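Got a structure for you, questions after.
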Amino acid sequence: MRREHVRDLLARVASGALNVDEALGRLAFEPAESLAFATIDHHRALRQGFPEVVFGEGKATDHLLEIATRIAERGEGLLVTRLAPDAASVLATRFPTIELNAVGRTAYLPPVEPIPAGRGNVLLVTAGTSDLPVAEEAAVTAAAFGNCVSQLVDVGVAGIHRLLARRDELIAASVIIVVAGMDGALPSVIGGLVGVPVIAVPTSVGYGASFHGLAALLTMLNSCAAGITVVNIDNGFGAAVAASRINHV
Amino acid sequence: MRREHVRDLLARVASGALNVDEALGRLAFEPAESLAFATIDHHRALRQGFPEVVFGEGKATDHLLEIATRIAERGEGLLVTRLAPDAASVLATRFPTIELNAVGRTAYLPPVEPIPAGRGNVLLVTAGTSDLPVAEEAAVTAAAFGNCVSQLVDVGVAGIHRLLARRDELIAASVIIVVAGMDGALPSVIGGLVGVPVIAVPTSVGYGASFHGLAALLTMLNSCAAGITVVNIDNGFGAAVAASRINHV
Amino acid sequence: MRREHVRDLLARVASGALNVDEALGRLAFEPAESLAFATIDHHRALRQGFPEVVFGEGKATDHLLEIATRIAERGEGLLVTRLAPDAASVLATRFPTIELNAVGRTAYLPPVEPIPAGRGNVLLVTAGTSDLPVAEEAAVTAAAFGNCVSQLVDVGVAGIHRLLARRDELIAASVIIVVAGMDGALPSVIGGLVGVPVIAVPTSVGYGASFHGLAALLTMLNSCAAGITVVNIDNGFGAAVAASRINHV
Amino acid sequence: MRREHVRDLLARVASGALNVDEALGRLAFEPAESLAFATIDHHRALRQGFPEVVFGEGKATDHLLEIATRIAERGEGLLVTRLAPDAASVLATRFPTIELNAVGRTAYLPPVEPIPAGRGNVLLVTAGTSDLPVAEEAAVTAAAFGNCVSQLVDVGVAGIHRLLARRDELIAASVIIVVAGMDGALPSVIGGLVGVPVIAVPTSVGYGASFHGLAALLTMLNSCAAGITVVNIDNGFGAAVAASRINHV
Amino acid sequence: MRREHVRDLLARVASGALNVDEALGRLAFEPAESLAFATIDHHRALRQGFPEVVFGEGKATDHLLEIATRIAERGEGLLVTRLAPDAASVLATRFPTIELNAVGRTAYLPPVEPIPAGRGNVLLVTAGTSDLPVAEEAAVTAAAFGNCVSQLVDVGVAGIHRLLARRDELIAASVIIVVAGMDGALPSVIGGLVGVPVIAVPTSVGYGASFHGLAALLTMLNSCAAGITVVNIDNGFGAAVAASRINHV
Amino acid sequence: MRREHVRDLLARVASGALNVDEALGRLAFEPAESLAFATIDHHRALRQGFPEVVFGEGKATDHLLEIATRIAERGEGLLVTRLAPDAASVLATRFPTIELNAVGRTAYLPPVEPIPAGRGNVLLVTAGTSDLPVAEEAAVTAAAFGNCVSQLVDVGVAGIHRLLARRDELIAASVIIVVAGMDGALPSVIGGLVGVPVIAVPTSVGYGASFHGLAALLTMLNSCAAGITVVNIDNGFGAAVAASRINHV
Amino acid sequence: MRREHVRDLLARVASGALNVDEALGRLAFEPAESLAFATIDHHRALRQGFPEVVFGEGKATDHLLEIATRIAERGEGLLVTRLAPDAASVLATRFPTIELNAVGRTAYLPPVEPIPAGRGNVLLVTAGTSDLPVAEEAAVTAAAFGNCVSQLVDVGVAGIHRLLARRDELIAASVIIVVAGMDGALPSVIGGLVGVPVIAVPTSVGYGASFHGLAALLTMLNSCAAGITVVNIDNGFGAAVAASRINHV
Amino acid sequence: MRREHVRDLLARVASGALNVDEALGRLAFEPAESLAFATIDHHRALRQGFPEVVFGEGKATDHLLEIATRIAERGEGLLVTRLAPDAASVLATRFPTIELNAVGRTAYLPPVEPIPAGRGNVLLVTAGTSDLPVAEEAAVTAAAFGNCVSQLVDVGVAGIHRLLARRDELIAASVIIVVAGMDGALPSVIGGLVGVPVIAVPTSVGYGASFHGLAALLTMLNSCAAGITVVNIDNGFGAAVAASRINHV
């Protein structure tokens, strides 16, 4: 498109329909259009079914409602993360078909045209039940980005047999997101069991020397299983987008 | 295979060839055999052309030589990382065809059977020239694991035009590994320019409040571009394995 | 004035209007007057249009009101930062013409004599909308200190084209204050685009390994763009004063 | 003994053999004798076969030799930890029967009377080969303190089947010391497999965000397996003494 | 039981009552039963009187009630830790015989069959009165796990005579749990007085540079008394389980 | 007294009024009395006018009231620090003559016998008005411990002339307590101006990279003025006791 | 230039000398040329007398020599920072007129055309003699960038009179760079004495809890004097560039 | 003196010997003389026998020799701390009567006039033999500053009876400096035994989670004994100066 836009502009210069100084001005003063990547990004988003994503934390409810309304009008779908309960109610009133996930603190309004079927699947593995909010945020995000999602819950390493019993599911996944707090040891074990990409999400679950997820984060960064990658503490959203990037290569 | 092994054992019980107590004993006392994953792991390695990898740091040269000899005998290839110069010389004497990379501190002995052509490519992007050792470790590893590798060097964000000029190369990659020290800002910019998986590697390049790479690590974990994943400081090897996991899904 | 004050005192000693011991006493017991810098500071403040600034955080509302009243009586202007909403209401009742900024948490009462027109301008650049409270504090402060202020919002590095499209505005500024949380990468990019002074303000926007702004602070201190300076986390006020010091050299 | 000593003293007062002021003086001025625990400690040491232990790090070789000679003369055995190679040579020259352990950096001179057979056994489990120096320090210490010691090496969680294959050995131990660097995840898995006491020793093996063992230490302190206890980074000696305390209850 | 279960299954295969594929399916699809350790763990729990333990923090009250009901139905006892007051009321209504400990924030429902008499005793030593909640959690847990428990309170090192006066009680214990905040110095003194296992629990009691228990944690990890082991900050539960592991060797 | 007590006990043994075993029992079972330092401490307290001090933070109001009542009955004075407002009201109702300090969060009930006049004075210097709560805690404590107290407020280093104008007061003090948050720079300046002992108290006043007082603490520990000593963050009480120790040498 | 270049290209399209597709290709494939800022940066550098700067740390001597030779050939001047002594010798042999500064570890080769006289001056203030290497790096850099430089050494706050005696020099500066290690308190005092921009440089001078300059860094970020800005630890180069940015506005 | 100086100046103005402008100039341009504290400091030093102190670390030997020579010429004594062995040799050659302390790394040249007998004594208590270098630095400094010094070594809390046996010495001191690494627990015990000032010096003795003395530093700052003050890690010099300030009040 960028190429076409510039080609068109140049053609109009060549044909005399646009003189040199006018063309120069357009190149200088409309950079957002002339530099192309914004547009390309936009088209890629449409192609891949990526909805617009709004980070709800710290936003005033009226601002959130206004942003959501503008996005929803485009019909391309809307995903809100880190959504407070009262703001969720307001969104639900305004958009009766919006899908709320109280545990994951998300709201999702599917696009008008159905999302193309995902080309891969994402397996979400959770060490403990307290890690579920982060896993749910990841699950909603991955699904909204056009991926098939399945889950394996409460299979932490202190009861390793629970995990080993589900090895078939681990091996069948195209990407695995492992969500764990406290000692954050689960990704190391899973990374040694499978050859597919493993994305580790440390959670702030724990107390004392967990330092709000720092312990799990460091564990994962130092994993003795090669090729584990890590996202920020409690960043279920980021892990899901990373998984979706992999599934859409 | 695990299924076949157990099916076989059960069939022998059904046919009377194995009595109940013997079968019980095998299930109880040969877990490594009956649980199979070691073998599966091994086969997967052969299938995917993953060579054995030896972490050279802190190993005595004679130990390293012995380990390397045992692996080399299997003919499946050998990769040594974090290799000290004197140990590299010893390896080169013993294995005349070994490929040394002084900057990346690696030694690589290709397998007897050529590695299957890679199914994807890995683009290595480096913020500054001081980040090259980590990038080289990643490049050698990714190639040894059967990936095509290309590089883009010294395109840090303080001269953003150098990066923007190479956008086509960024978009053409199937996975991008971004290596950066100091402020570690490069992955955020690249993550916003492309839709493919981006793996960020913080390096210990810097001084003062870089705290040996901690600053770059935190930057990357907090990237405002969604879906960036991160590995340990200076962990070029891990980033390459993660990229290879993605390329071999 | 200090010089005049002391000269006057000495002249009265020379003329016999004041004896030696009385003069000595005055020098000894009125140090604030006799020691030059307080007075000089005061005059400089008047010349440069610097209002008195009150840090509102943690102050009891009645204390705040009393301090504000004393300052307001002098007619030289009053700026209150980190102001809680209820204290803002009390101030608004007492000083009907006071200008409240709810987002920046400031209250500003202009001086009786209009502030001299600023000799330079300050461009405030914000990475995300969540950084606005810090930017607003900086904007109100810079204006109160006699600087022209303009803003560029939501131009974070994950959508680099948005920033590049505004390069003319960046280059036209005499000082740029860059406000960013999360990865704090924006100042590095801007510092490479312009030659004017760039003051980086990390914000506590983020979660997990942002550690309440520490990640952004470290990023900025390690900027690969030369000559970036940094202030404390969320310190919009300090950045504005630094910018004003530059504009009034 | 303390009771007997004081009873004796009181009896001599009662009999008139000691007058009140003399008795008072002894109670006041000989606390080391009258308070008894030094003596009790000493006797307990003899009873339990605990040799004297010297921390070799940072001690001048001549000081070390002098201390070692004084202890050796008592014939109760001598254990030196954190011993530099050159100091080891000097000790070996002076005490031809001393047992050096180059990997564990220890020197051990058994007591004249053989140590009583241990009442329990200590299983040392090591995640990787680089953790061996710490494990060796623990092994030598535990043996010197009268415990039976066995080892399980290189069974880190990234190849979990290696560990599971050795479950019988894990369950048979009376105390397990788990030595691991990098992600420090191994104790969590073992703690879930067995019911016996598990002592975790983080090692400084790793790089980057391992922060010289801090990552492994935090992992272990936050273990999701209940009842794991932890000692200082690289403190193989301390773990062995803790295990010995347990075996000698 | 596991052995019996598998033997039974194999016997049915041998007798033709179960065909090979059905048996295979059961082994494949009922992993929790077919994989030995879960079952073994379960039996060990019954033998040792370990009740099921629920970490109450962050669980919704209705979830907690449901989990508690399911566990209570099995009659093996129920222990809930980190219990909020309102959730405690709900549990008390549902289980009239449940034993609440408001200070330790625990609820305990003893098993139907009385716990076998403990084979050892646990002495809980507390540095200050503010450390009592952690000590109470440990006391309830240790008792529920079948240990005899006694306490020594407010014997911090700043008044060392209070501690020395109770030396007999220290020496008589089979395991000592030392609970201390602030400087965390108490375990070092006790570790030097006794030869039995000492488990140190840092608490978050303190302010300023105690950093929520970090200071006490570091003190304990660096104890100059050999053989002290440490658990996470405020982890009274973990210390009690560790003590119970020791007492049940 | 201890000497008299033991002498008396021994005399009764000598006279036959007490037999050996009874005496032994008393020494064994009344350690608080028989072990000198508790008693000596008590006497020293009486001599120096040190009241009993209760740390109010985290104590239930009824416990606090009970402890306070028991101490008050002895008539030696009572000092409560870190007192919540509601607990202060309860104390005020129970002890009508108790002296409350709302800013310093203290309650003080003077002893029945007037405290001996202090032998020295303590000068409290405060960098900013926000540091006053800590300074007030110190002031009340120092006065209760029998020291004369004077104050110098809001003389931070950013307006150095304010401090220099009060140099005579600085030099006249026997001990100076310097209370400062934010940059914590004031003790360095004062330590260079005077030769008397200077005790630095960092406060948690500040934001962002002050890390709740850590910045000020580190500044003071690294003071370029020789011989400054430091106490914990916000520890006005500790600084006052240290000053009192100095004044009572 | 960018405008001229694009205008020229467009004119050639308008005249038919270049057809549309060729023009399109040039815009697409020569971005470094077509995207103005690289060129503009280059011209600005020439105009402002900024020499090329090479960070010498970690560069091989032969690489350094090659880079230096290429830059020197352009005649625009060359500045090398963080230069090791042996590399300095090599440079001195190759460039006989290069100016070495052993304390500041710099080498400077002035441009062929003399640098335009500076429009402002930079005052470098040093707290202690150990801070001189950082100050010298700043001094050489500032001079090379076309600023007048003067120095004030060893005027730390522990001897505040030394600083106050030089107030005239402080007030006369257009920008002040304050270099301090240990407590880092000096910028706070100077920031309160003057109205000009103050750039604080923490140094790694100190020991123990200075944590290699972290203490000084935090002090400066929390300065109670408004409008102080800070650069990385030991970053004399960055401070000088920041000062030069201010002087060239 | 300041008063006399100004009085004299004023008197000369009153008598006409000095005109107003000249007097004004002197007050403005000779602050070091007119502000007096430098001189006062100097006189205080002479009166109290404080020699000049040179921090030897990081100083070139020739610089050190030059500084030492200038100070020695004044005959007031010279103290050098943190002295490297080779620099010590050079000083010993130049000043044959200088007193070297190899353990404490100090050199001391007494003043020509003997130091006045100390008015108090300083007791140095050391937890372990590895803490001796810090204790020796403190001992030499305290003696040079005119204090009587005695020592108590190797009385760490893990063998508490060793300390309790020396209680008389503790109580007899006028100031106690407690030097301890590892857990840093000793000052808490001593602070509870005595009423005199206690200055705690953390040392970098330890490993792993001692973090080069941070653990001991935090322990001491959080001491449960009231009124302990703390200096920087390994700062024996600072502790001695603080003790001397106390002894010279």
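All chains are identified by letter, namely A, B, C, D, E, F, G and H, in their written order; residue positions are counted from 1 within each chain.
FYI, contacts are C-beta pairs under 8 Å (C-beta built on N, C-alpha and C of every residue); 3 or more make two chains touch, one makes a residue touch a chain.
Quick caveat: nothing in here was measured; it's all calculated off a predicted structure.
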item	value
Shared interface partners, meaning chains that touch chain A and chain E	B, D
Equivalent interface positions on chain D and chain F, same or different at half	same
Most widely separated chain from chain C, with each centre as the mean of CA atoms	D
Option in A-E, C-H or D-F whose residue-number contact pairs overlap B-D by over half	A-E
Chain at maximum distance from chain B, centres defined as averaged CA atoms	F
Centre-of-Cα separation between chain H and chain F, whole angstrom	25
Averaged-CA centre spacing for the pair chain E and chain C, given as whole angstrom	55
Centroid spacing, where centroids are CA-atom means, of chain B and chain G in whole angstrom	39
Sequence positions of chain H contacting 2 or more other chains	35, 37, 41, 159-160, 164, 167, 193, 208-210, 214, 217, 221-222, 226, 232-233
Which pairs of chains touch, using the document's own definition	A-B, A-C, A-D, A-E, A-G, B-C, B-D, B-E, B-G, C-F, C-G, C-H, D-E, D-F, D-H, E-F, E-H, F-G, F-H, G-H
Contact set on chain D toward chain B in their complex	129-130, 159-162, 164-165, 167-168, 205, 207-210
Chain G residues touching chain C - in the complex, by the definition given at the top	37, 44, 48, 53, 120, 167, 174-175, 193, 195-199, 217, 221-222, 226-233, 237-239, 241-242, 244-246, 248-249
Chain D partner contacts - residues on chain B that touch it in the complex	29, 31-32, 35, 37-38, 41, 55, 57-59, 202, 204, 212-214, 217, 232-235
Residue ranges of chain G touching chain F (in the complex, touch as defined)	127-128, 156-160, 164, 182-185, 188-189, 191-193, 206, 208-211, 214-216, 218-226
Residues on chain G engaged by chain A in the complex (per definition of touch)	3, 6-7, 10-11, 13-14, 16, 19-21, 23-24, 27-28
